[in-house]
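The structures come next, written out as structure tokens.
Paired with chain B in one complex and with chain C in the other, chain A is shared by the two complexes that follow.
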Partner chain A sequence: MTESPSRRALLGWGGAGLALGAVAAGSAVAVSDSGGDDHEPSTAVEFHGTHQAGIATPVQDRLHFAAFDVTTTERAEFVRLLKDWTEAARRMAAGRPVGEGAFGGLAEAPPDDTGEALGLKPSRLTLTIGFGPSLFAKFGLAGQRPEALIDLPQFPGEALDLARSNGDLCVQACADDPQVAVHAIRNLARIGFGKVVVRWSQLGFGKTSSTTPDAQTPRNLMGFKDGTRNIAGTETDRLEKFVWASEQDGPAWMAGGSYLVARRIRMHIETWDRTSLQEQEDVFGRDKGEGAPVGKANEHDEPFLKAMKPDAHVRLAHPDSNGGSTILRRGYSFTDGTDGLGRLDAGLFFLAYQRDVRDGFVRIQRHLATDALNEYIQHVGSAVFAVPPGVRDADDWWGRALFEGK
Partner chain B sequence: MTESPSRRALLGWGGAGLALGAVAAGSAVAVSDSGGDDHEPSTAVEFHGTHQAGIATPVQDRLHFAAFDVTTTERAEFVRLLKDWTEAARRMAAGRPVGEGAFGGLAEAPPDDTGEALGLKPSRLTLTIGFGPSLFAKFGLAGQRPEALIDLPQFPGEALDLARSNGDLCVQACADDPQVAVHAIRNLARIGFGKVVVRWSQLGFGKTSSTTPDAQTPRNLMGFKDGTRNIAGTETDRLEKFVWASEQDGPAWMAGGSYLVARRIRMHIETWDRTSLQEQEDVFGRDKGEGAPVGKANEHDEPFLKAMKPDAHVRLAHPDSNGGSTILRRGYSFTDGTDGLGRLDAGLFFLAYQRDVRDGFVRIQRHLATDALNEYIQHVGSAVFAVPPGVRDADDWWGRALFEGK
Partner chain C sequence: MRPARLTVATAAATLVALTAVTGCTEKSGAGDGDRVIKVTATDDACETSRKTVGAGHVELAVENKGSKVTEVYLLFPDDRIVSERENIGAGTRQRLTAEVKAGEYVIACKPGMKGKGIRQALSVTGATTAKRDPALDKAVAEYRRYAQEQADATLPKVKVFTDAIQAGNLAAAQSAYAPSRIGWERTEPVAESFGDIDPLVDTRADGLEPGQKWTGWHRLEKALWQDKRIGAEEKTLAAQLVKDLTDWQKRVGTAEITPTSMANGAKELLDEVATGKVTGEEDRYSHTDLVDFKANVEGAQEAYTLLRSIAQKNDPALVTELDRQFAALNALLDKYRADKVSYDFVSYDKVTEAQRKELSDAVNALAEPLSKLAAAVVK
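Up next is the complex of A and B:
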């Protein structure tokens, strides 16, 4: 593994006078060589591939997620933006600044890159784009909307804030350094000025679902391990079966893509914190310390669902209770200050990838209508996106198959 | 240096059956031995000392800051809370859960600790308490209010949101892992239920001011290095002169303490990002890439103030322009979603410690009235706190000198 150079070394800003071109070109190769499976938090994840990075990629520590609305009505302008975004994403994922980096001679222009990630490592940054249902009402795309990209039905108990829901587009930025993730979204928003506008965004920390089987399962803000039986990024069979859309699923432009459901789930943590340990463990169907299913000793022991209360979360969410349905979860905890009533505005920003939203999130969430956990949580934001396949090479760009059919 | 054990190893939750007492007692010693100057992000910082940790301590990566209002009117109940908080803070700083940790036999009670930091390292957690001006109107404390704890004057251009300003108390939680910082504030809020209520809170990331002279200076969200000439935690002379309140300063209970000014500074980053590099560098008085003062080659070169524009930020904020005044800055970047107008709600959560607010922040901020930077920022939240001296030993507690005069 070659450790990539720092972002700072690649930049000739402010007359520092580096021979930039040669350095940057060589580094990009080194970065590409390091691959995406390495857990070293400073490395780069390969941007190109059959699938977009940021789905099966081992979960990074931090998230900045943004939903955008498209404001331009010009198809060509929007396509130009997708190409510009792709190029910027390609550079940032490699730990390089946006633009050519030689700013010394262009003092009269705004910098191509906002600069706050200079000197920081690539930090396993991944940028993953998705297209929302409303996008397909624009640019003559109606006929291309996948059947699987449904408008989500209403679920009991939810109280969705439209200001934190939906969007024509989304970009999920994940990195081990929050400043790298924030920098990436901010630069995409900057590049999109006049063409798209940020509709809502969400910062997340402390990944709650591990896609790395050997790593310790992280805990959510209820203090329970979350993601014990999640689909691992290395489980090719389950990924093919449950996560990646195939050519047969249609439309053709989505082959190798996936569908993302994002839900902002507020936790009533002050109520939860005054609930007995027994009740907490009954609600989940696992013990709090080890994470073992009811009646079992270890976290990874096979759950015996009938030993759990009928409304236990693990019992209701288990694939055996949902005709085998399962989803790849990639959620993050959030804490967004207080709610004006002295309570922390905290919870889980739930991100789930699946081959078909109807067989995945919708089916499971319907079954969770009687979940004992519902007393302690509320879904307050919601969005769904078609996540196109990966950018194959340096000539490819986000959404090319959708717009050009190839 | 002894690496402290993980939080998980110290807990007997859910019947895991560890011989807890012995393990925990031994570990606490090991943790205390590791000291507070070690930059290894997983270690513990010593909680006890002449000064509170979290001021001269090398800046950690993440912040969770909370301001509380006191709701109890019983002095004894409030003192009980300060003692309970101190004990919880002492344990959490050492990487241990709140309470005795033996929850196996108490399933009918809420857990003593909310659990989301189990298995995480101490992560250099520091917890620093401060007392706001409004606290001194309560509990018969009026005569104890320090003269240096003034109500801040109004500054030109500020637009303070009262819902994000002031507070009877504050706790600054800093750690290298955000989940550890969030966990700490959340557990203090839980312990304070019925006695205090969270008034506002702020998450921060990507420290903007280094208190470690050898570390690379971090960049703020404007892309500039921030904190080049900050007071380092190792500069005993400057700390004594500018940061720590002495016995002569009065009152006696504040000797070894400091005064904290917290300002939420929104950056108009979309405007900034469309500003030329030349203008950006003129505004700061440093170049963006290296951080060198105008006309100099290197970041740490002595600035020649007269070479800068008269309204350059570095020129106006420099001690030479403020009769020698200087402050210890410990700010963090924040990004709190969007503002409803498609702009990121992002900026700097500015934290400054000083021996006297009048000679420190107030003097400098008044001089910044003509700062060129003001076009791109706005102060939208404000608070000031008297930060008492450190908790000396296992029998001492936060605020004892204030309440008991010893």
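Up next is the complex of A and C:
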């Protein structure tokens, strides 16, 4: 286990902190390459790379996801923001405070960093930016909008709340410590005041799918294992085939990027909890204990889809029922307390990454129209984003290829 | 205003921060022994090495020789705080600094951090404070004049409001309510620095301390809009409002104003909007929140305008941003009134959630850069 320096130590060591941060980041990469889920939670995840961190990266425990609307009409100002955000994200991912830090600066000015992450470990924080379809109508970007970034069609049964949907931009913050994730979004929102506004945001906990299949599969709030067949961060072939956009897919600025669908899926918790075990298992097509597919003994046994009920969730969602369509899921459970009727306001904040939204989420979701699970869930928020490739080095910034070409 | 507890605490904290800050930015002349006052605190005494000191920067070198944690205050004679240091442990030393003008002051030690403290008088001699940028002094003088003008202009409008109440004219009182508040709302940080007046005139029901009688504008607002009646109690309260605001008018010229307090005051006015007005909590019965909102923005803009040329030298980018955001917020507010001079704003209960968010976003867009104005002024 690598002992990584705390934020406070990094702050105190000044210039030396830079080098130490880099070492810590390097060691985290080695850990994530091992594919295990047994991560040292204190480590930093490398911010720079071909792809953005936070997609194939082993899923952290906590989420703060925020969608923003752009209010500035000046391209230069928006580009400035993307650069400022990148710099702040780079520092926070390394476990360092934003700007001049949270204390010790001018007494008359509010500190650059809000300070609640001081003394906390980097906690594998990843920050991942995405550009929504509505962004491309601005700043003369219409010609750069990827074909794969469609406006999602309407799906039967959904009841979308516009106040929890869409957005020109999104930032996904994942970390093992909720305070670290919240700190990151809070600081980015603050840097963005006057240029972007928060449209909606969502906190998540209890990851509901794993990108590290050797580890135990997590359970969703319905008590079922979720993500048994998810794409692993180590499966380079499947990532290339199903997740990363290529040069040929077009446009060029998206090469190495991916497309994100975010859905707030409310669960009718109380009615689900009154449902018989038999029906619960029939709805999913797996047993509740092991997670084994119908008729099989173990979770990872190959499912025999025809043994499941025709409307079983696993049967309908399985790649074999969708012409091979596969997505990388990275969802989190959420609960925002109770609603006005005393019902748990809870469910799944579904995050799916794919090479093309049309072949990925849309195809599968259409097929789920007859899903037995629909009786117990409702999609209430929705958004789709083009997630650009990674920030390559210290001179690069989020979206540079979009705004400046290669 | 925010709940009184918060407001008073904030006002006190602001003064403390300001004076402390001013102290830091002036050259303290280290080694200049006659600028230092030694304060020896024990559990039952508070000894000071000097009883007089020249105006300007002073430093209190405190040693706690007692057995209890103590705190030391430099106070104006009316107990307003110039500077303070809390939590001075037994056997420890602390320093506090301040910039003082000529006049009478009090140094108070509070063993156990309780009570009014053990007090020593301090006379500050001389005609001037430490060296200051004349442009800053001019800005302060002009802002002081503005605060006085606002108070002077408010009283006649308050009289229109209270005369309508005395006459039992509900409709006339309702229409005079919001205009009577404009001058107060424009200069709220100055007004709130008088910790005794603010709770009397501008407290909301949820801001009352235990045992505090509810008086002032919002109590009358409730009578006029919710209860829809004017009784003897309301007439008494109306008379008291005039009395309390006359007190404010007389004292507003004595308020401690510094360049940093002006800059921070401008930000606080936006904070008032962000916490109280944009939610509709401030004028929950009359829904005239947008009038207060506009007045808060105007007051902030006045302070900013007076400091703008100084900030321009130190941080031109900030000035560009503030000009832009003030214009954007004012343009947005103009959508809610018939013309650009009228104070007849749309009733806030007619403002939709989406519109409130747009207003809130515009306030954040202005308040965030405004929070950097104080630093730009004292750089």
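Criterion: the second predicted complex is superposed on the first by the 371 of 406 C-alpha atoms of A that agree within 3 Å, B and C clash if a C-alpha of one lies under 4 Å from a C-alpha of the other, contacts with A are read in each partner's own complex, and residues count from 1 in each chain.
FYI, contacts are C-beta pairs under 8 Å (C-beta built on N, C-alpha and C of every residue); 3 or more make two chains touch, one makes a residue touch a chain.
Treat the numbers as computed from the prediction; the structure is a model and nothing was measured.
In this overlay on chain A, chain B clashes with chain C. Once chain A of one complex is fitted onto chain A of the other, the partner contacts of A:V380 are absent, as it touches neither chain B nor chain C.
By the document's definition of touching, of the two partners only chain C reaches A:G194; chain B does not. In the superposition on chain A, A:A109 makes contact with both chain B and chain C.
Chain A is touched at more residues by one of its partners, and among chain B and chain C that partner is B. Shared-chain residue A:V79: touches no atom of chain B or chain C. Once the two complexes are laid over each other on the shared chain, residue contacts for A:K288 go to chain B alone; chain C is not touched. When the two complexes are superposed via chain A, 80-88 is the only one of 26-34, 44-52, 80-88 or 170-178 in chain C with C-alpha atoms clashing against chain B. Chain A residues in contact with chain B (one complex) as well as with chain C (other complex) are 106-110, 163, 190, 193, 197.
Note for the complex: chain A touches chain C at residues 71, 106-110, 163, 190, 193-195, 197.
Note for the complex: chain B touches chain A at residues 11-16, 62, 64, 103, 106-111, 113-119, 163-164, 177-179, 182, 186, 189-190, 193, 197-203, 205-206, 216, 219-224, 269-270, 273-278, 280-281, 287-290, 292, 333, 335-338, 340, 342-344, 346. The residues of chain C lying in touch with chain A in their complex are 17, 20-21, 24, 260, 263, 321, 325, 353, 357, 361, 364-369, 371-372, 374-375, 377-378.
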